[in-house]
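Each of the two complexes below includes chain A, the first together with chain B, the second together with chain C.
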Partner chain A sequence: MRYVLGVRIGPVTFRIGSDWQGPIAQLRTLYRDYPRDDGVPDFSVRLTPRRPWRRWIRPAVMIEGDFVIPDAAPLPLDQGVLAAEMGMNLQMALGQRRFLLLHAAAVERNGRAIVLTGESGAGKSTLAALLQTRGWRLMADEFVLLDPASGLVHPFPRPVSLKNSAIDVVAEELTGAHWGPLMRDTPKGAIRHLVPAADALAAAERPARPVLLLFPRFGLPADQRGVGAGEAFVRLTQASTNYVVLGERGFTALTRFVGDVTRVAIDYPDADAAAAMIEKLW
Partner chain B sequence: MNATRYRAPPASDLSMVLLDELVAIFHRASGITHLVASPVPELLTALAGRWMTLDDIEQEFELIDGDRASLVSIMDGLGVAGLIERA
Partner chain C sequence: MPARTLATLLADPGAALLLNRNAWTGVLAAARAEQLIGTLAMRLDGLALPQRVAAVLGDARATALEGRRQALWEAEMARRALAGVVEPVILLKGTAFAAAGLDAGQGRSIGDLDILVPRQRLSQAEAALIDAGWMWVKPDPYDDAYYRKWMHELPPLIHPERDRMIDVHHTILPLTARMKPDAARLIARAVPLGGGLAVLSPADMVVHAAIHLFGDGDLSGGLRNLWDIDRLLREFAEGDEAFWPTLWAFAADHEAQRVVARALRLAHVLFATPVPEMWTRAGAADAWYLQRLLARDGWGRETRPATRLAFYVRSHWLRMPPAMLARHLWIKWRMNRDGRPPPQQEGQ
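This part shows the complex of A and B:
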């Protein structure tokens, strides 16, 4: 690869290579406050042209790595950051073995973590980003790393992928935050990556004890209900990308997790309402 | 003709965890997770590593005038799930 970036995000190292300079330059800017790591990475992502000549002519980015999605549509070169992020997600989702991965976000205070999970579009990324201004450290968005050995949640403070109207909502509150390039017209509309606050990056190696599991839904009047351990277990097996491959380690980790945490589904109209509900549940 | 007998894996082959009103079961031989409700965990415990007929099961659980059809249906479901064998 002509252009390379090695970066450490919490306990995981990535090496992103590209045949083009542009995406790596953008990634260097996005990840400027993360530790560099040029050793043997846990996961590699390669951004390559579809055909050799497509490096110059109508360049389109294919994502390669240990795991690939066959027939994935290439992305235009100006969405190279998105391609890299998708590639990093894919390698983690399918290749991670040390941790049980939960498709969720997590925030922390005083060594205790809240895990926010739910379907895509439920607003968990936006809420996790906004909780940063309300006394919470952002531990993770997209993937929460649950350590089967200790039961602790480990930080994985990747840039938060925000979409469409959520971009302006968060930008309005988090003035001075560090952002990646605004990419319009992606398959999911406009996407922009928000770098977590400095405290999140400084504590990227510091795990926390999970105490609360939330299933948030944005855009509804404030309401909450308890969630049974069985229902939470089923929803989290569906929200995990590597539950099956971890075998009994995953089973033990997840049953212990749902048994140990308080489990609540919350509906909320805005971040202030959600933050107030969380303070009461905390 | 002998009555059909049923047997569940030995207790060491299953990990059962109570999750409120449900029980999560990890079957070590297959690597499959099952989520079940009573009376399945009780049946699996009673049948762990030993053959029993439906009469034996009814006697064990004191199912006097028990609903034989629903017990057969449960046993069939457990057979399909790979959690019991029949002979």
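This part shows the complex of A and C:
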């Protein structure tokens, strides 16, 4: 491929190839503080035109790689960063086998991790980003990596994908943070990627012991309830893209995980309220 | 050339110790794209490999083992559903290799479950599977009718709970194809495995693999199929002098001598498969087939678009007579033009 970037994110390495210079240049800026990696990658992502001439005429980026879904829609060239991020997510979702993947965010303090899971739109990305100013190290936003062998949670500190009004809310608090380009008209509205704080990148390969599993819901009066191990187990199987393909390893890892952690569903009106509840719970 | 290097590593694992970093990156991407990464992982198991490579292959090995477990479970599910209707259930392709414990099944990726049933039992088998929870995948009446009239299998069925597909064959080529395999002989010669399952006889298994590779389809994913053939030939011919004459006689039963001969020649060229001397000399078009089988670059992308197109056209030419092909393509073109997704070309 004409333009290539090799990058390491926590324990996972990616090789991203593009037929256009633009997306790679943007990615180099976004991933400026991540380790470069030109070794044998875990996964390859390809950003290519649908037809050869579409490199120049009405360019549209097809997301391809080691693992693909058949009819993914292409993105406009100025959303190349988003295409690359989606491509990396896809490789993880379909190809990751070393870790049990949980669709969740995670933060850490003193070697102990809190995992925040829930449906898209529940506010976990925003909350995880904001917890960074409240004494927590951001470990992961999209995918939490649970090691079946050790039961530890490994960081995967990708840039946090923030959408619409969350972008301004976070930008207001995290002054001086490093951001990707603002993409206004994506299929999901406005999207902008926030690079985790320096401590998150410095400790990108330091795992932590999970102690608390939260199911946060934003926009409701502060409230909390305990969640049974069975319910947590079932909800996490649905929040995992590779639970089934890991077979018995996945089952053992997940049963152990839900047994080890305190499990709580919290409703919260704002980040301060959530942070206060978390301080009491963990 | 990553696909060529991949073939070399499969045949001669020791060559892995000579690869540099860039070559590894290309080989692993090509192996993933050709669905040979699990096979490669099993072949290279135990060698002192670079740490990153060992990690990727370790994952591939675990994936292949889990895939094998799920494929065998799916076979058992089909056996239970078909008990009293079709006994034993004859397994084909990847699931057959795994169930029979053949070398060809080592690390092999297994997609759909393929089984062979007598044609007169086809509708009963379909009813039994529907009864056990399988559902039709192709909702389009043209596709459905096409399958039932012209194809060698039922329209694909899926079990939604396990998300697995089953292809119920009554023979091994479309009825419109020029070659006419003898399904009754395949069934009569099948070898029981115990537990209500069976596989094709060794020679028929090779003939089927050759027909599948060179008599049906456009050779996408063909490297894996040729590797199957290498493994089957080595395992079956070892210590059995009657194997080669039997293979040739069975190939004649199915009008498949040409594709079997091509399979032997190309396996010999690419994987150094030991074959009788008459098949060690390259045939006229073999180089062209080889080019198609190795059309994969170090990013896992397909290369050689003109060659691939030619084989795509060839696959339809083999599959049906010209007038029928014209009608079929016309209907498909109109379906696509009206906003329907194009038919998927699957490697399996």
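Brief remarks on what is shown
The rule is simple: the second predicted complex is superposed on the first by the 282 of 282 C-alpha atoms of A that agree within 3 Å, B and C clash if a C-alpha of one lies under 4 Å from a C-alpha of the other, contacts with A are read in each partner's own complex, and residues count from 1 in each chain.
By our rule, contacts are C-beta pairs under 8 Å (C-beta built on N, C-alpha and C of every residue); 3 or more make two chains touch, one makes a residue touch a chain.
On a predicted model such as this, the values are computed, not experimentally measured, just so you know.
Legend: residue contacts after superposition of the two complexes on their common chain; A:R235 is shown touching neither chain B nor chain C.
Contact with chain C, but none with chain B, is seen for A:R97 once the two complexes are overlaid on the shared chain. When chain B and chain C are set side by side, the one touching more residues of chain A is C.
When the two complexes are overlaid on their common chain A, residue A:G247 makes contact with chain B and with chain C alike. Once the two complexes are laid over each other on the shared chain, residue contacts for A:R8 go to neither chain B nor chain C. In the superposition on chain A, contact of A:G259 is made with chain B only, not with chain C. With the contact threshold set out at the top, residues 247 of chain A are in contact with chain B in one structure and with chain C in the other.
If you check the complex, the residues on chain A that touch chain B are 228-230, 232-234, 237, 243-244, 247-248, 251-252, 255, 258-259. Taken together, the chain C residues at the contact with chain A in this complex read 21, 24-25, 28-29, 32-33, 50, 52-53, 55-56, 59-60, 62-63, 66-67, 69-70, 299-301, 341, 344. Across the interface of their complex, chain C is touched by residues 1, 13, 15, 17, 38-42, 44, 46, 48, 64-67, 70-71, 97-98, 245-247, 249 of chain A. Those residues of chain B that touch chain A in the shared complex are 15, 17, 19-22, 24, 26, 28, 31, 33, 35.
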